[in-house]
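All chains are identified by letter, namely A, B, C and D, in their written order; residue positions are counted from 1 within each chain.
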Amino acid sequence: MKTITVGIIGAGRIGKVHAENITKFVPEMEIKRIADPYMSEETVVFLRRLRIPYITNDPEDVLSDPDIQAVIVCSPTDLHAEYTIRAARAGKDVFCEKPIDYRLERVHEAIDECRKAGVQLQVGFDRRFDHNHRAVYDAVQAGKIGDVNLVKISSRDPEPPTIAYVKVSGGIFYDMMIHDFDMARFLAGSDVTEVFAYGAVLVDPAIGEAGDVDTAVVTLKFANGAMGVIDNSRRAVYGYDQRVEVFGSKGAVMDGNDTPDNAVFYGEDGTVSGTCYKVMWDRYTGAFAAEQRAFVQALLSGSPVPVNGEDGLKSIIIAAAATKSMREGRPVKISEIE
Amino acid sequence: MKTITVGIIGAGRIGKVHAENITKFVPEMEIKRIADPYMSEETVVFLRRLRIPYITNDPEDVLSDPDIQAVIVCSPTDLHAEYTIRAARAGKDVFCEKPIDYRLERVHEAIDECRKAGVQLQVGFDRRFDHNHRAVYDAVQAGKIGDVNLVKISSRDPEPPTIAYVKVSGGIFYDMMIHDFDMARFLAGSDVTEVFAYGAVLVDPAIGEAGDVDTAVVTLKFANGAMGVIDNSRRAVYGYDQRVEVFGSKGAVMDGNDTPDNAVFYGEDGTVSGTCYKVMWDRYTGAFAAEQRAFVQALLSGSPVPVNGEDGLKSIIIAAAATKSMREGRPVKISEIE
Amino acid sequence: MKTITVGIIGAGRIGKVHAENITKFVPEMEIKRIADPYMSEETVVFLRRLRIPYITNDPEDVLSDPDIQAVIVCSPTDLHAEYTIRAARAGKDVFCEKPIDYRLERVHEAIDECRKAGVQLQVGFDRRFDHNHRAVYDAVQAGKIGDVNLVKISSRDPEPPTIAYVKVSGGIFYDMMIHDFDMARFLAGSDVTEVFAYGAVLVDPAIGEAGDVDTAVVTLKFANGAMGVIDNSRRAVYGYDQRVEVFGSKGAVMDGNDTPDNAVFYGEDGTVSGTCYKVMWDRYTGAFAAEQRAFVQALLSGSPVPVNGEDGLKSIIIAAAATKSMREGRPVKISEIE
Amino acid sequence: MKTITVGIIGAGRIGKVHAENITKFVPEMEIKRIADPYMSEETVVFLRRLRIPYITNDPEDVLSDPDIQAVIVCSPTDLHAEYTIRAARAGKDVFCEKPIDYRLERVHEAIDECRKAGVQLQVGFDRRFDHNHRAVYDAVQAGKIGDVNLVKISSRDPEPPTIAYVKVSGGIFYDMMIHDFDMARFLAGSDVTEVFAYGAVLVDPAIGEAGDVDTAVVTLKFANGAMGVIDNSRRAVYGYDQRVEVFGSKGAVMDGNDTPDNAVFYGEDGTVSGTCYKVMWDRYTGAFAAEQRAFVQALLSGSPVPVNGEDGLKSIIIAAAATKSMREGRPVKISEIE
């Protein structure tokens, strides 16, 4: 089996998830090094159990290792672009967690550096690789629903993040709905040209005080004429609720939520089945592995990665447009942003 | 529109159900008379509102009316055969509620009299006309599942009948599972050749004291080689539970229970939807009308009725075999019964 | 049983539906007269079979009959307000098919006349009485989902109307989405304060040439802070697709489409179940009867009707706002309309 | 983390499945050795990638290694008892794939040797650890359905095994339904006291010629008074179909099949979703890992293993009784077997 040697920068939650998934499910990848300046003892134990040969505090160790062909950037968001650029300059293909950056010029810079260096850049939109969403996408691509007329996405988290996080997150459109913007483009098979956003503070007033909304509905126009609508809430008490639907000239295709099991209880007072997963890592466990498999397969075969820098860029632009739309109370064209 | 003039004998629960359904949903039938020796004032009011011209205490009024072309027998069970025979002798087609009789010789007599009189005899196995069971049947008939290998039926009532009724009912196989014996033959498209019955008293000891069981599992062999299994319980706290499944060489087809609505609640502790109907009349409301429509259409077109005396006879024979099997603790061939 | 004597004006499709439902399912109503200037022989035969005593061409016969306590207005839309007003002036309670009128001043006039005459006015938003939507509403009202955050409605018809109809219909918001505007208010338990509408011609260019759109997505703000989104399409090849969802602080409740049966086929290439109903009359058959029952019960008990003239008015105002929003490409406040 | 060092005997399909699952998902187990006399080069490569230190052809290497505390027996069936006994004599806890043996005396011997040696013996009934079946079990154990009245199990394989395998398999009851016998006891929470079996050759005449049936329906009586029914087919064209249902005094609980995704297509001709998994390893992937986790947790905590030798024995006795019942055409008491 042909393999690729990779390094990981960042050993926080998502870095460990990638490290574990690659070890277990992506035999084509060999993790040689993982680096994080602030690694707890517990993290080191966890990574050692995965038998990663070099566990280090210095990202430079990853970037300068000539064996390492690709770097997986799992650093804090404000360093995503930085490490992407440095990895590109070191001639390494890059898998960068989303978002590349909240600042459009930094995103452009990262994309440009990868282009100049002739390396590939995949962005971590893991939901494209979820088995259910992917099946919806496949049905659309197979022409089952004909021309796409409408894309609908519900995306609700079980719990809001901390207020501290809300303050630095860039807002619900950058931090949460960005996944759905990417999903909308992915399912519609077309770029967004205009957005209109409504937002409200319905979950926690503290979110409003921090300058954000916690509930939002965004309508979209696509270049191919289709329309879209996305709703987000920071709190669904029944768990991680993520459903997509694509409606077209020949039918509709939609998915539902995974549940831990499909047992159903028929009782005197109702028919009861399980709730959605309460944490993202359980819901998307397979998706994280699948996006790494797709990444390595693209590298090995020399084909383009399935979610590239442009995809990362476009979602950020839509987030910017949605933010502007909500603030100004009017639809905003994507062309207004850049 | 060609119509047929009918009379109804018996104005108990099922007689009123047929009267109402025919009035509302079977324009091809005109009810001229309904007779019952013991009619309450409330019943008379109900029947008057249906605008039935003649409401009488004497079944003979129905039997002797030359305008009446068909008689619907809704009398107590022990008079089913009696009125069927008298109606046949009067030259009238007969719709007889199930069972024709518990005594096989009376069933034969009723069938023979109808044959001699050249009239048709339909038996009231309403479930054959239920929209869900019928869709399963249609799929089997359309060849979708290929050769039938297995028929599975669950049939559970919300509440046991009164002990007084249990004592005269002939037992669970005659009174309750008889519907499923007919359904099994209907779905399998083949006759039963052998049965094996297990029964138990799990719902109410008084049922056992009355000489019956309240829970039963019966396995069947069909002439075409397929097998079947039926389970019955006198009490499902969640309502009227009736599901069928047919498995074959090219697939399986099954149905579920109707519910009053399909709303689903996603809550913190589970996903909750409605329970089954709690009363038979709600669950099978459409089936009672459909069986009358099928009856009148057969009469008007001169084609055979869809559930005839032989069908009624065969279910009773299977009930007899199941009763014998449970008592003797061994499989019983249908050929042992007659 | 206390009953109310009613007359029906208009014996087109909806007039006949009401006549039949009342006859079969609403024993508290006695239809004395039905009037329509242009009644076919077939219609007369149909109405006679329902045993309606007086079938006439002159609506005045209904309006002037002192026995008639309530009038059901099923005339062409442009005469709804006219007959409502005349019935009110004749001292009769009114059930008026939706919309009361497309012209706001006429709607006001009709409402005012009913108020002046001291008669009740119910508007024919039948979907409020659909068993599934009603179960969703009941769950919301029972507090199961806590505070309402979001209302989502999908509403798609199997086939577009004729172009001739499109030209006079007032457009998709007045003709089709008006049902959903009412449903949104009903489910949210709050009035709409602002709307934003996107529309597109994706089904048939001829609809665009006739000045309308055939696909639309409308987002709503409610007075209670909640948001809403409605999508409409003139053509869903799989049938009449109508689903609602309400999301709140304690959960979500949603419904699905009814199907003719619930049989499921497990085959080599997939698991297949039935499609939605292909015609509205099948999907909402129970709702039409239920709204008449609710009407007569309100009249008999002297309580307010469940969907009044204000409800009719408000949906039309929202439709006007949505039309304006789509044309002007900006969100429109309800307060801008009047 | 406390860990246990294990060895695996047998590197066929199931041996490799356990080796892989333990490596990925059971950090409390360290596989030191795996032995198989007939290991392909491909198998060796596969095992090396799992970083198992010693890969050998001699099971004795496993049995004699004093570091190894527990042995996982994945040998051909006729050596299960042999290696179980030798491992027990070597003082090692044993996880033995099902069935321990087809010969009851060998099963007893294995159990006795483990008892004498003071080691634990877990039998590989993986389905007890399936997330769906387990959720059904948990609901029953939690008292949700009250007293168990009925256990229903459908278990159908996508494809029959080879005729060569059929000839040595011991028959459908030993080879296939044995899983369901164990599941029935597990769900009922009670021992089987009597069985009645019907079998037929409906899938492939060659199976009949080999002396077996390919379709079977078995009814069961449990010591607690409940009844059970199991149906098996060697071929379900739509995939691996395994559903369980438990019905009781307070309700029923049932599960369905997992599917690769939950996308649903609404098309003109029907509503289509995915089929069941086509291979067991996909359907039960989580169950195999979960049973090893349960095994190691029992060993580490010194508590009894969740499926012991008695459980293995009892399923084989039920298989013997079912075989006898089918051959003799009568119900067979479990007490007749031993």
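By our rule, a residue touches a chain if its C-beta (ideal position, glycine included) is under 8 Å from a C-beta of that chain, and two chains touch if they have at least 3 such contacts.
None of the values given here were measured: they were computed from a predicted structure.
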Margin query: Spelling it out: a chain qualifies if it touches chain B and also touches chain C; which chains qualify?
Written below: A, D
Next item on the list: Could you tell me which chain lies farthest from chain D when each chain's centre is the average position of its Cα atoms?
Entry: C
Next item on the list: Between C-D and A-C, name the chain pair that shares the greater number of C-beta pairs in contact.
Entry: A-C
Next item on the list: Compute the distance, rounded to whole Å, between the mean C-alpha positions of chain A and chain C.
Entry: 42
Checklist line | Whole-Å separation of chain centres (CA-atom averages), chain C against chain D | finding: 57
Checklist line | Contacts with 2+ other chains: residues of chain A | finding: 236-238, 241, 250-252, 266-268, 274
Next item on the list: Can you check the complex and tell me which residues of chain C touch chain B?
Entry: 24, 27, 49, 51, 131-132, 134-136, 139, 144-145, 250-258, 260-268, 274
Next item on the list: Write out the stretch or stretches of chain D touching chain B in their complex.
Entry: 147, 149-150, 152, 154, 156, 196, 198, 200, 202-203, 215, 217, 219, 221, 225-229, 231, 233, 235-238, 241, 247, 249-252, 329-331
Item checked: Residue numbers on chain D that touch chain C, as the complex places them -> 236-238, 241, 259, 266-276
